[in-house]
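Quick one: structure below, then a few questions.
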Amino acid sequence: EKITVAAAADLKFAMDEIVTTFKSSNAGDEVEVIYGSSGKFNTQMQQGAPFDLFFSADIAFPRELAKNGLAASEVKPYAVGRIVLWSASMDASKMTLGSLTDSKITHIAIANPQHAPYGKRAEEALRSSSLWEKIESKLVYGENIANTAQFVQTGNAQVGIIALSLAVNPELSSKGGYYLIPDMLHAPLEQGFIICKRAENSALAKRFANYIGSKPARAVMTKYGFVLPGEAVRK
Amino acid sequence: MNGIRARFVLHRDDFKLESEFTAPALGITALFGPSGSGKTTLLRCIAGLERAQGSLNVNGETWQDEQTFVPVHKRPLGYVFQEASLFPHLSVRANLEYGYRRTPASEQRVKPEQVIDWLGLAHLVERRDPAQLSGGERQRVAIGRALLTSPRLLLMDEPLSALDSASKQEILPYLEHLHRELEIPVFYVSHALDEVARLADHLVLLQQGRVIASGALHETLARLDLPTAHFDDAGVVIEAEVAAHEERYHLTRVDMVGGQLWVGLLDQPIGSSVRARVLARDVSLATQMPQGSSISNILQSTILELSDEGADKVNVLLAVGDSQRLLSRITRRSRDLLGLEVGRVVYAQVKSVALMQGEKR
Amino acid sequence: MGLSGGDLQAIWLTVRLASVVTLILLLVGTPIAWWLARARGRWKGPVSAIVALPLVLPPSVLGFYLLLAMGPNGPVGHLTQALGIGMLPFTFWGLVVASVFYSLPFMVQPLQTAFESIGDRPLEVAATLHASPLNIFFSVAVPLALPGFLTAGILTFAHTVGEFGVVLMIGGNLPGITRVASVQIYDHVEALEYGQAHHLAAVMLIFSFLVLLVLYAWRPTPRKV
Amino acid sequence: MGLSGGDLQAIWLTVRLASVVTLILLLVGTPIAWWLARARGRWKGPVSAIVALPLVLPPSVLGFYLLLAMGPNGPVGHLTQALGIGMLPFTFWGLVVASVFYSLPFMVQPLQTAFESIGDRPLEVAATLHASPLNIFFSVAVPLALPGFLTAGILTFAHTVGEFGVVLMIGGNLPGITRVASVQIYDHVEALEYGQAHHLAAVMLIFSFLVLLVLYAWRPTPRKV
Amino acid sequence: MNGIRARFVLHRDDFKLESEFTAPALGITALFGPSGSGKTTLLRCIAGLERAQGSLNVNGETWQDEQTFVPVHKRPLGYVFQEASLFPHLSVRANLEYGYRRTPASEQRVKPEQVIDWLGLAHLVERRDPAQLSGGERQRVAIGRALLTSPRLLLMDEPLSALDSASKQEILPYLEHLHRELEIPVFYVSHALDEVARLADHLVLLQQGRVIASGALHETLARLDLPTAHFDDAGVVIEAEVAAHEERYHLTRVDMVGGQLWVGLLDQPIGSSVRARVLARDVSLATQMPQGSSISNILQSTILELSDEGADKVNVLLAVGDSQRLLSRITRRSRDLLGLEVGRVVYAQVKSVALMQGEKR
């Protein structure tokens, strides 16, 4: 059996690992993961995209799909995301949001708050720190969270606000370190998934959905900095 | 209904074609007129390349009238354009054979190798790029290409103007033969009166888009009231019959109404009819029979008409026998010295005769 | 080579897509270009403009509207369903349809220019040599417009290879079905797999360069007599 | 009109970007096209192929590499910093540079075809009439290639208007600076603001259609004598 | 060093141009030869449109040698191409003025209005689209365009072949005057011997890319060993002097070495020199002085050479006085009947004389 999973870009590393472990215990099954921005997946699902599961970075999207009768399961929250300040050229672990006003910082990358969940939370964090007005002119907007990370990684933006799940990746963490933005500065990045209508009768889809709630899977999610539903914030 | 009947009206910015004429079913009809008189336009109308108003009937087939408009490619005609217009993407041979291949085998009456031979194209035929041909070479290929469709009407727009006289002399006989071999009418646009006189049976004179005269060549050329009479090479065409051959001198005697002419030896049996052109300027007049002259052709004739030609010359229309006409152009001074006037009998010395071999019609 | 199976699959898919699209557009675009080149009437302007429109639409937007149109509730979707073809989005043929639409101007415009520059005379000559209009088209217009065909073909093929926004929207990034090379490289980039991205991009570049080199070496220049 | 201030700003920015790019490419692309049309030597093929290469690169990939190249650690970035221009990404001029690169083939190819179809004769005639090579170019080649210029201009302008992947990569989506209409519509779509997306897309379509209509009505066909 | 010295070597697929010749610094040099003999190619080499090997020196200026190659646009020449090649994007007037505008005012020696008048272009000059001109109209515009650069060397590739004889007759006098007014040498490619004889001072005969003869027109035309002697319109050119006018008959008497000729009234003072062309076929021979003939021009002459022309004709080279040559073409029969042989004195009857008005050189 085979399923296709649409997953938000921030899940890239975590989901890859989960799938690997899932496969090792489910030989013969195939799980194809496609990463992209949650908003686009939402649009495509509305038009009948052949996805069996949809892991959104914002639980609002699966909720809307469920409302439109496109879900074969209820909307299940699977994690809460965290945002971090990250830089490729400076030691971000020694920074705080306040450091963004530094005149040496000319460009700050965040995901587009108009439609990217991580962008929205970044904006909220900046606003509640009363920094938004001061640094708005330095902001550049990535189409999604991975795109945002690229702005920073190529050095075009000195710092960026990206997903913790990306920042813990060795590729990025080796560079400049990150500063975890306190989650009380923004609404929770509640993430949820659904089994899609077309996978109604897929046993594999159900198994995989169940596996997300399993211990090994939760361990991977935690490793990538996700806060799991029902768990307290660590820091 | 035999013959070609055409009537076209076409308005252009400054130019108005309003032509009506008939032409014989066989033979060559020359379209003759000054630059810009509408010869090309008329030819295009006949071909169907211009959608003029009017009608066109070719040997009983209606090619155009109010209801009908036979599209160009369905008209069984060959067209040699004023500019050679070879296909640049085809080799010389492929150019030649383009129309041939599109002619049903049953209607193919000439073969490529024949035409290549006629037009002296053998050394060019394997050339790849027609853009590298000289002007005359291009034009010969264009003629061959049109002939190879075995057309039932051949339209030629100054096909020989890019050719040197040697090539012309080589090609002309073929064109002469051609329309007889293929038995097709030919419309021939030319500026050169000698070409026209040599080739044509019928003449359509155009001026500013209108037909100002149309008729058999020998009649039209003998009219002193037409512009053709003022040409440098004005002259008449004579129909005659082969009477005797003098092999020793390579001469042939032809008999015509009212006299005889010596011409270069003809490869034609006694009794066959030939056509000869006599230019007005080649005809001198004498009041007494000339003696000891190298001019061997002397015709006794009667003056029918005298008409001034410019300030110093006179055109003299002569009758040889009762029906044959001859034109002579002499100086006014000679006219007065010799006292020439209508009705007077004179000796027309014909210095040279251009012969169009073979029988016409 | 350093290319993964997925990369090779993506390249193969890309070549297939671009070939099919170029082929279809040759068939569809040629008559349009010919008509536009020969037309004199008042429809010429509007039709030219409509043909050029896909150029102006951002591919992502075009993709969005095509998705809406070909989706289960769109007019095209209704049609394809009624015809029993099923739904086009997220299929190879959906990509084909979208790309045909998207690349149309790249086929039509150079062809139109090429046809126009032939002029009337060769066509008139061919007509007097008993070639029917269709025959004239194939035996004179097409060979004389050959450089234009090559330009149009290259532009169309390359544009389809480079297509991204539309494909992403309407293709759904399905491996082996709609994940063409452009998307595959993008995915590598997004996943921070720069090494693989570089590899695939380099292979595409070199391959394309060689193909283009051969095509251009072979391309004739327009001929005159 | 139902367009927000942001929409209008995006449209204006798009028009400005496309105009500047078209202008620059006219200046850059024309000599290249002229050279390609006249060249006979062995460099013609490779140069043609290189000019066509941007076509093959997916815009997002091209954008990514440009981001690398123009970034503080890239060669272009080093250069621009040394020149005191600063960094190009996230600026209007960065978009311009990227678009010039991206749209080059759309300018060069139609121009090249147009120049080629002039043939040698008119240029020879002009030379015998004492026109210098430069003068021949402007007084004969350019007017005779006018339809080609229009085609090239339209393709380039339209292609820049429709550009998306590169802009997204290199622009940073800055309102008034780099947020062109294609990105703006995309943002509306992603934000599920379909109404606004439809509006802006419709306005762009109609506007483009009208502009194209005028251009095509005015476009001369190539002339022959 | 005065005059034009040219040497060119150019290899083409099947064709090899290897030409070397000199031409006078003034006057018209005719390039004459059959189709494909390399006339156009040679003209292109002179213009610098072909990069042939060799050298070219025009009135002391080196345009080409091992080191030098003056680019086309810097050569002060005018070129009339075999096909009119008008600029399709320019109006008729703009075409005419294209070169004029690019000629420094100090060197402009002809004005557009002059040329428009000469070539009868007044009604065409405001036309927008040269593609709508007739073939002859296009060619006249092309001639005018070249003239308006006030060239110091004029190259003309069959400029009159698309013209009807009336237009030709109108344009020829201007071309005749032109090179004298502008004092420039002209290279003139033509198939038409009469055009050549009328216009040219110097003749370069080409065959298969080689110059087979080159020299003053009247000398070259009087040679029986050259292909020109076999032309239908073979003949000589005579230099003469205006001796008397007879207004009443509109005639002028011109005196030449060894005799006199009556020609149409000339608008030139007594004593001025003129040039006349006498065709071989227009000259008949008589052993006794003819009486009562309309032929008023009779020259006593001596037979210098007899040479068979085809099977039936003989070319006769005559001396009039000591230096003037005359060609006559008669039948072999007449030769035998009259017993003509070298050294015999005969009366040459000149039926017609084509006059090239004005003084040459």
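We just call them A, B, C, D and E in the order they show up, numbering each chain from 1.
Following the convention adopted for this analysis, contacts are C-beta pairs under 8 Å (C-beta built on N, C-alpha and C of every residue); 3 or more make two chains touch, one makes a residue touch a chain.
The model shown is predicted, which means the values in this text are computed figures rather than measured ones.
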**Asked** Through how few touching steps can subunit B be joined to subunit D?
**Response** 2
**Message:** Quick check on the contact graph: shortest path length from subunit A to subunit B, in steps?
**Reply:** 2
**Fill in**
A correct list of chains touching both subunit A and subunit C reads D
**Asked** So which chain is farthest from subunit B, going by the mean of the CA atoms in each chain?
**Response** A
**Gap in Å, rounded to a whole number, between the CA centres of subunit D and subunit C** = 19
**Request:** Please work out the Cα centroid separation of subunit A and subunit E, and write it as a whole number of Å.
**Result:** 92
**Item:** Separation of subunit C from subunit E, taking each centre as the mean of its C-alpha atoms, in whole Å
**Value:** 60
**Asked** Where the centres are mean C-alpha positions, what is the separation of subunit D from subunit E, in Å?
**Response** 56
**Request:** Find every residue in subunit C that makes contact with two or more other chains and list them.
**Result:** 64, 121, 189, 224
**Prompt:** Of all the residues in subunit E, which ones touch at least 2 other chains?
**Reply:** 83
**Request:** Send over the residues of subunit A in touch with two or more other chains.
**Result:** 40, 43, 147, 150
**Which pairs of chains touch, using the document's own definition** = A-C, A-D, B-C, B-E, C-D, D-E
**Request:** Can you check the complex and tell me which residues of subunit C touch subunit A?
**Result:** 64, 67-68, 70-72, 87, 89-90, 168-169, 172-175, 187, 189-192
**Request:** Enumerate the contact residues on subunit E facing subunit B in the complex.
**Result:** 12-14, 33-36, 39-40, 82-83, 123, 127, 132-137, 140, 157-158, 161-169, 191-193, 227, 231-233, 246, 248-251, 262, 264-265, 281-282, 284-288, 290-296, 310-313, 328, 330-338, 340, 349, 351-352
**Item:** Sites on subunit C touched by subunit B in the complex
**Value:** 121-122, 124-133, 135-136, 139-140, 143-144, 146, 223-225
**Asked** Which subunit E residues qualify as touching subunit D in the complex?
**Response** 47, 49, 71-74, 76-79, 81, 83-90, 98-99, 102-103, 129-131, 138, 145-146, 149, 155
**Fill in**
Within their complex, subunit D touches subunit C through residues 37, 44-46, 48-50, 52-53, 55-61, 64-65, 105-106, 109-110, 112-114, 116-117, 119-121, 147-148, 151, 154-155, 158-159, 161-165, 181-183, 185-186, 189, 197, 201, 204-205, 208-209, 212-213, 215-217, 219, 221-222, 224
